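Same chain, two partners: chain A is paired with chain B first, then with chain C.
Then we have the complex of A and B:
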């Protein structure tokens, strides 16, 4: 009542009071205060550092600085790791090619009809540079069946597997968030239509959809990203839709509508920033799920192409190697994957706690 | 109640139609030519054309779609194009193998995860809780494939506790000889996510006022946990199990392929690789139907468990 009696006085005093506080400290935004809470989380910071190290590594392999020659056969087949030492010498009956060449050093030039021309041939051969690539008996973390360096493969495979997981999660998030926003904000016929698509996709098991799409679109990284993105958006959609239904009726959105904000502005300028932490949390789950799915699909022959390397193809190869006692490829791929996925999950958990402190310790 | 049931069943029709269209056009439009896949490598174009005609692939698309829908309505899917086995026979012979593996997995996972999760929720925040939670995070970060590869190597090959792989005609032999290793490994893999999930359900319940009331009126801790918290948390747990039910029909593809178990999952993978449309269509529709029915059953069970729930 009082502000109707003397509206002018009330508003001017408020304005002047605000003006007096001129160098006002802006309240921390959602992200800044979340970062402040995140920094206090020890586990979160350590996992952030590990994920950052992986990101750096992926940038290095992606630009060709590291592990560009992962396909080179640099070691003997199934070379053992250096810290284990080379394989036991072969039994005397089996002579190595080098040993055979050494034993053939007998001078037969007086009976050899080609002897006069050797010098000429040598001179001609000297014009060309022949590179003999040294074949190592051991490699830092062992070699695979073809003598390729397992460490390089693991580095390159990390790049492929993580990019597939992240890109597919981005595709799925874009689809799921866009559809969820539409269905949640407008409802009605638009909502019904999207809900129908959701019901159809969730009625078919995800892995069956993966198979169907993979059989249809073939193999390769882009295909893998596409099929996982096209089939994996449903969870994201469900959550974003629920959030949009909740927020669309909140006062701040109604206020935005009252000052003339259009539907698009309300959805993306007003509501989206308020639900972005939900979207990001779900997206981090998707990254982990897709990285795991890539492994299974590659094992079943529906994943990355045969001339590429990923954690999935490494594990698929290691099945037959393990029977022979060659454990290093399995170990390399498993450690690379477990370290990344653990760090990533813990980091995502810490972020979720920092963004929404009410949820701390729930999951 | 009856009207609700009828409406829910009626609502399944558009969804099922969507699944039909998805499967139909996905494979017809983009898939490989089944005639090409079925014909021998040196088949002449004429032979391929004959196979196409035989399979009805020359007919217009609406005729083929009609045949598909007729199959759904009459439950007569015809025969597999690749093996000429009737679909009904194929399902009847492959399903037992799948269930022999998937049912024990589902039951054991649930029965083991519930007490662990309840215990963890009870001592939440303690060192035990935090250590096990970190342990589950690490366990979850290792691929299912690694568990299977290492598990088979260690338990089957090195220790010789189980046969490395195999299958027989006797259900009992399968259950006690060949299924235990795949089941053990799958339960190990499933335990971490389920424990985490159920722990969050229990934590949710422990925060409610009724728990404080129960303690205030002097109930013992076991009574609070088992009579109150467990019962209330069973609702989301049963939902979770109910939604996992359709999955047991096709089972774990990876387990079946890896351990050469002649189940539905392996059959579907073969069918996809051979463009064997009748098998793909039949399995997809069956699973879709089962998924929808499971959803309905879960909703109905809410009503049975919690009288406050109104079905509209």
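Then we have the complex of A and C:
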């Protein structure tokens, strides 16, 4: 690196090379250095790509670019997937009743009082053009009982399920982290109060709480988010509280108090960034749990409205279909969910490792 | 008497055979000797007239770590040895050998390499001969049998070395049952004997206690008892007293010296403090940056250090018998040796007329009857009052330093935190008056407290803990100025922060780095800079140099002195080490159980201590072979 005067086109690579060589380079921010560590994690990067693909998909379905017509009847009822092939023709022994009626046709135009008007009606009918949509015998990934495309349903269901899970996790994390920070930092009477609320809430079985909230709020996505947010914050609360109890007596927080930092600054500016990896890890678990909880609630009939689709409603429908051997709806919902949940968990794990200050410089 | 004579003979032989040859001269390409069968035990050295071979012989040991940098590139970091040259030394039977060096010198890595307890990314080369067997080549199962049975270890932090969910008795019994196949009752009986041997009162009752119920010194005694359980031939003690008070340190050193003499143990003692090492060791190996700088017998090394670095280490520790203007730092001595001709008996910048604090300086802080109690829960709803600090009174003048000394638990830290009102109001009652420029700090309304915070600041003990790991140094330094609205805008504050960084001896580049990129001494400088950004009148230094290496400690103490002279700061210097207090303080306050037992001029206090407690604190200061605990131990302990 002796020749510093290099042409412009090479200067960026030179700068980065110099920055890499120089032992005293300017330190990056917390997030930037976390991203640098994250990038080295192969599994993390793959799962990030998958999660990003899901996010793109959700944006597309949300804006109506994809799967807007998921409710249309595009195939025969319980249409089989294209790669399996159409259902076998019914056995020849069974005759249709219409065919039987045609053979016994008798001319009654002499006595028919409406006979003179047939021609007029035919002429009027010709003015209208009836369009019969072709009903496909097979669909890309099969159809459901009403002939709706399972693939479109799965895409639309992804949007609902993932957004419910993520929104509910955000609500639960906000509640849990705020209460945990208060209780852990102040302790004493504030801590006791929050702890009582926590104990009372956790004493009630969760499913009972779900029913109670659902009865009050009615059905819908926002209800689901509220229900799960209001019942699911307890684990996050306990963990954040424990971290805050530990950090509040650490010397760097005491030092911040000594220079005059107020309680709010100490809680949120000093301690919070140091426990962010814990909050993030717990939040990712919540997303996964809430997606599963939505499935269960929709299965129980407490979930999304009847004119909406989610992975949960798909699974609920597939229960009766499975008896008839129609496995594709179950498979579509399961694959979409398993892929997302796995990728999301792995990604969150990689983020946690990248953000943890203690793991810095190891590896 | 016979034992003592032989011990001296041992040392003599040792000097001639091993320390006489140039330690760096081993050719790296020398053909290796055939590995001796691992099962074969050579005769115990020195026993029954057998030839005096070393129990442990380290030949050209090198340790490097494979690491990944921030961008994922692999590289090697040499921890022990530089280039082709590794380290070599020997531990003869029945001898204490010490490895001394600053942090980063590779002394602990060396010890861990001997027992193969290094992390997996370590690469070792060279030879570690344990009674003829090369431990670096030994299979894992063999090492596991060896560790705890023939070679035992004691580490720095006894609290984290003991398992909190097992009783002391269970933990001591474990190696006995595992290695010696003792029955449960026999192991328990032996554990009781061991506890008695390491000087724990009521050993029978202590067997059923847990680690947290013991004091730090007692915990370390338990660790030593565990290490000795299987009658090892070599005890590796890695900074066993660094986490302890001066007085407790002295007791543990005495215990180790007594046990070593009684049992004929070989001991490898690792420390950063040459003075401590001088008290226990017969042989000393001085390490720096992964290489051996000097080795020889303790007496010779203290009387006539050959290497400049050894001289520097000896010179940089504050002494009880003199108060220099500044302490010598390593770089002074090394620079002087390289430039000028080397002189024996270094005499660096010792001003025999130290700055006298003037009694006419204005009073900044007047404390009267200060008391602080904590509520302890007792039973379901009851609480009892624990008096941590009782009736402390003193006057602090501008530019003066008040030393506060005492054992841990004497209330000295609580006193410092109380001055800054850093305790919860609900934690317990507070009484007395703290007059600061005429205002009573304890009576201030919470709203007025912020202004007071600015003028009385604190530096904490542990520089690894006191900086927020998620803040850059710039953020750390600017934050206090933002809170107190010092400086017109962000850039002005940043400029001030840069100035302070340079004044405490750091690069202005440091602004954009995170604390983990700095060493302990550098972090403590940053913590000092943070307090000074507020231009305080009083600085409470709560064991501010206790966690630092002796050499770094000297640099930080010099910095504090310079800042005091320049800014007229008043210090409250809390420490358990009287030698450091002697260097810093004009007056000394001795605390015991929350009360002040003695409060006088430093010189008077040291020359004529009135209290037995003060005398004990003074006696605990390590001063090298002059106060060796070994001689006393050898004289009293009969050889088995």
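In this section, the second predicted complex is superposed on the first by the 286 of 363 C-alpha atoms of A that agree within 3 Å, B and C clash if a C-alpha of one lies under 4 Å from a C-alpha of the other, contacts with A are read in each partner's own complex, and residues count from 1 in each chain.
Operating definition for what follows: a contact is a pair of C-beta atoms (placed from the backbone, for glycine too) under 8 Å apart; a residue touches a chain by one contact, two chains touch by 3 or more.
This structure is a prediction, so every number in the text was calculated from the model and none was measured.
In the superposition on chain A, A:64 contacts neither chain B nor chain C. In the overlay built on the shared chain, the residue A:134 is in contact with neither chain B nor chain C.
In the overlay built on the shared chain, the residue A:255 is in contact with chain C alone; chain B does not reach it. When both complexes are overlaid on chain A, the residue A:273 reaches chain C alone and has no touch with chain B. By the document's definition of touching, of the two partners only chain C reaches A:33; chain B does not. In the superposed model, B is the one of chain B and chain C that contacts more residues of chain A.
Of the two partner chains placed around the shared chain by superposition, chain B is the only one that A:197 touches, whereas chain C remains out of contact. With the contact threshold set out at the top, residues 361, 363 of chain A are in contact with chain B in one structure and with chain C in the other. Partner chain A is touched in their complex by these residues of chain C: 68, 70-72, 417, 420, 422, 424, 426, 450, 453-454, 457-458, 460-462, 465-472, 479-480, 483-484, 507, 509, 512-514, 516-517, 527, 530-531, 534. Touching chain A in their complex are the following residues of chain B: 14-16, 18-19, 22-23, 26-27, 30-32, 124-125, 137-138, 140-146, 149-150, 153, 157, 196, 199-200, 203-204, 246-247, 250, 253-254, 257, 268-269, 272-273, 275, 280, 283-284, 287-288, 291-292. Interface residues of chain A facing chain C in the complex, by the touch rule stated above, are 20, 24, 26-27, 30, 33, 36-37, 40, 188, 250-252, 254-261, 265, 270, 273-274, 357, 360-361, 363. In the complex of the two chains, the chain A residues touching chain B come out as 196-197, 199-205, 207-208, 211-213, 215-217, 288, 292, 295-296, 299-300, 311-312, 315-316, 318-319, 322-323, 330, 334, 337-342, 345-346, 361-363.
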